[in-house]
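In what follows, a single structure is set out as structure tokens and then discussed.
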Amino acid sequence: MTLTLSDLATALGAELRGPDRPVTGVEPLETAGPDSLSLCLERRHVGGLAACRAAGVLLPRALLGLAGDAPCALLVVEDGRLALARALGLLHPAARPEPGLAPGALVDAGARLGPGTRVEPGARVEAGAELGPGCWVQAGAVIGAGAVLGAGCRIGPRAVVDGCCRLGARVRVGAGAVLGGEGFGLARDGARWLRIPQVGRVVLEDDVELGPLCNVDRATLGETRIGAGSQLDAMVHVGHNARVGRGVCIAAQCGLAGSVVIEDGAALGGQVGVADHVTIGAGAQVGAKSGVGSRVPAGARVAGYPAWPVQHWLGSLRALRRLVPRRRGALTREEP
Amino acid sequence: MTLTLSDLATALGAELRGPDRPVTGVEPLETAGPDSLSLCLERRHVGGLAACRAAGVLLPRALLGLAGDAPCALLVVEDGRLALARALGLLHPAARPEPGLAPGALVDAGARLGPGTRVEPGARVEAGAELGPGCWVQAGAVIGAGAVLGAGCRIGPRAVVDGCCRLGARVRVGAGAVLGGEGFGLARDGARWLRIPQVGRVVLEDDVELGPLCNVDRATLGETRIGAGSQLDAMVHVGHNARVGRGVCIAAQCGLAGSVVIEDGAALGGQVGVADHVTIGAGAQVGAKSGVGSRVPAGARVAGYPAWPVQHWLGSLRALRRLVPRRRGALTREEP
Amino acid sequence: MTLTLSDLATALGAELRGPDRPVTGVEPLETAGPDSLSLCLERRHVGGLAACRAAGVLLPRALLGLAGDAPCALLVVEDGRLALARALGLLHPAARPEPGLAPGALVDAGARLGPGTRVEPGARVEAGAELGPGCWVQAGAVIGAGAVLGAGCRIGPRAVVDGCCRLGARVRVGAGAVLGGEGFGLARDGARWLRIPQVGRVVLEDDVELGPLCNVDRATLGETRIGAGSQLDAMVHVGHNARVGRGVCIAAQCGLAGSVVIEDGAALGGQVGVADHVTIGAGAQVGAKSGVGSRVPAGARVAGYPAWPVQHWLGSLRALRRLVPRRRGALTREEP
């Protein structure tokens, strides 16, 4: 895709400073050539501007004072990350497959596929599955009997969407992810464990995006739900009957136990664990690797194992360090 | 499936209090309609009974005193969870596929399949694999050359069972799980790592159940074994030569390093890690997110990183809090 | 494969003490029979030598003094693990498939396959993919459009290699692993999250080995790179734009956030998390389950959450224990 810097400036609401030239893609500052758009979103990268060979560079207005005389055009924007996201979308539009069933697609005659839907080789769509218009089922994915997918969903290679799943529009599921597996509910039957049959659903609202190898368990009864626009990174586990709100952001390898509630706009760092039936309030932020064992109020910032308010956690680390016999030299430089 | 409340009372050993009516499924208290069985297993749900529209409700005898005049029939049981598990099994019987090879099943002529076994489209069964009667290999699963599965095993969509695996009867493997991958054994060969070839087996005894995206590595020599009736949640990693006993319960995202031993009836919370060659004694309980670096005695309750006795761990948290300068107000409410 | 102990002694540079006999495989000390080679690599196993029925036993010279009169031949070696790795390679050579496309392989006419390459049933190779000579694409794996694989790569069952991936020679990818998924980059667009399109690559250099169910995200721009000979265990997550050096060793369930740098020869224990943009220096060692939030110097040994020098971490644990009211008896024996 080729666009001029002025086209981009218009599309991004940016101010173009310097010569208007065509660009065909986005490249990092060090490797960008004269056909490329590049970016300088952080103070620590400003030094690299002087040697930049790109046609133009995205620069947040906040850094303009530091930029000096750049050898290339500048696209001055208010929000660098947002401008980058949009520029990438324009210059590197997502691949769109040719509609229809590829040879080797395994689609049951009893499945209903919307117009413009594509099913790749080795992908399986079972009887009674309903796919909206413009869905893309990638190589080797499985859509179970009775699953319902809204318009424009993209199911990654080897992903599994069980028949108990209801997906809204534009849901994206990463490669190898599993939706609708049996939740982990056990009952004691004398000496042995009896698995409680899981007969509930998984509901993903519009614009939910899941990374590769995520797992979302079906509910025991009722539903496990992820709200509109929520973003999950790779390898996130969502237990049965969990309820994730809208616009929630969950980093890689987090685990939500059964019946956890994550309210709208909360954000979890990587490898966080949340104990069953615990609620994390709207807009709360949970530090990476925290273990959350009790309710987190809306808007709170917590960290630690178990998680408590960030400033208390930091205070406890300082206190611990005071208890450790001091040594001079290199090692102290590594302390948290 | 339709059953009367009196049928269920008989099957569950429950006492029916109220009118006998037919039910077709189990629904949560809030959404249950007149054709449904519902449940009230915890004190905090008793308040919902008054507005319940279900035909009948499962109620533990221990809560009977609090139930008051429920507007529906009550099925009074001793163990609520066990009754729920059984009622779900009766009203929502697990799907049974039509035996045989589906179109698109990729079964080698050299594989032996027991009577009543079903292989779904895109599933691969390699030469020399032996499947007992009534197995169900779901869409896109792979059974490797030489693997042996007992009667009634269910291998989830996209799961991989390597040829080195020996499964007992009624083993269930979740979607996307991997059994028999190479263990992680390295030898130093001058400047480079040499991977130690892994030539052992994986043995899963009868009634073992693994959640989605679990990984069980084959042994270097000998076997990696999971004992009868043990239950693993999603995304659990079991390292090479680990030995998990019978009736063990392991929550999501736990990791067992090489040669770990988990004795019968032990239980691990989510995201627990166990260091290599460590033994966790029979019936021991390990708190979620603990890091177990040394032997845990039978029956012990441990938590923390590193794990130590729960009451000592809690004592250390209290001690830490005393070291942190107090503040008044909201934040203190969040403390663990 | 049958070899004599003297053949093995020559191949391993070992000293054979005792009668030369043929062996057909390697078995553990307890179960080895007269046709087997066995091993005694650790002091705690020496006691088992007396009852050993194997033809011969690999024994490190350092343990020779303890071995006494073993009832079997000894192959005395300098490095036991290295000798084991080589002996296993000789007696249990890795399976080599018959070259060509198996029936049920889904290879696009526009893919280029080197001589001797094997594609198993249900595996998909998309147009424009380039596979070097002697590659093995196992059942149900997916190689995306434009992917490039060097000579002798082995892609495990159900693994996914996106078109953005460039693999060197002899790269091994475990079952169910995903390479080239979208990195987790978000921009705020008013009330909603906008996913930043990820258009970079994944580069795995020669001899990289990844365990089952690993995930390596593609870069936003530029590349995510893993250096030659690095070894990743199962379920490791590598975020976008991370750079892992050569000869790095990463245990199961570790997570590297975006733009992390792991320098040559560093080693991470299981379940470690590394925060975004953090560098771990060459040869550094990170204890299992650590949370690394800031730079780790070359050669340092760190542990804890957050990670700090091992001796300080241990000191903090001792200090904490002093703060906990003592009790007599069994429990104290469990302390870390």
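The first chain written gets the first letter, and so on, giving A, B and C; residue counts start at 1 in each chain.
Just so we're on the same page, a contact is a pair of C-beta atoms (placed from the backbone, for glycine too) under 8 Å apart; a residue touches a chain by one contact, two chains touch by 3 or more.
The structure displayed is predicted, hence computed values, not measured ones.
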Neighbours of subunit C that also touch subunit B are A
Across the interface between the identical copies subunit A and subunit B, with over half of residue numbers shared counting as same and under half as different, the residues used are different
For copies subunit A and subunit C, the superposing rotation on Cα atoms, rounded to the nearest 5 degrees, equals 120
Taking each chain's centre as the mean of its CA atoms, subunit A sits from subunit B at a distance in Å of 27
Expected list for subunit A, residues touching two or more other chains, is 122, 140, 158, 176, 213, 235, 253, 271, 305, 320
The residues of subunit B that touch subunit C in their complex are 106, 122, 124, 126, 140, 142, 144, 158, 160, 162, 176, 178, 181-182, 184-189, 191-197, 199, 213, 215, 217, 221-222, 235, 237, 239, 253, 255, 257, 271, 273, 275, 291, 293-297, 300, 302, 305-309, 311-312, 315-316, 319-320
Per the touch rule above, subunit A residues touching subunit C in the complex are 25-28, 31, 79, 81-82, 84-86, 88-89, 92, 94, 104, 120-122, 138-140, 156-158, 174-176, 207, 209, 211-213, 229, 231, 233-235, 247, 249, 251-253, 270-271, 288-289, 305, 317, 320-321, 323-325, 330-331, 333-336
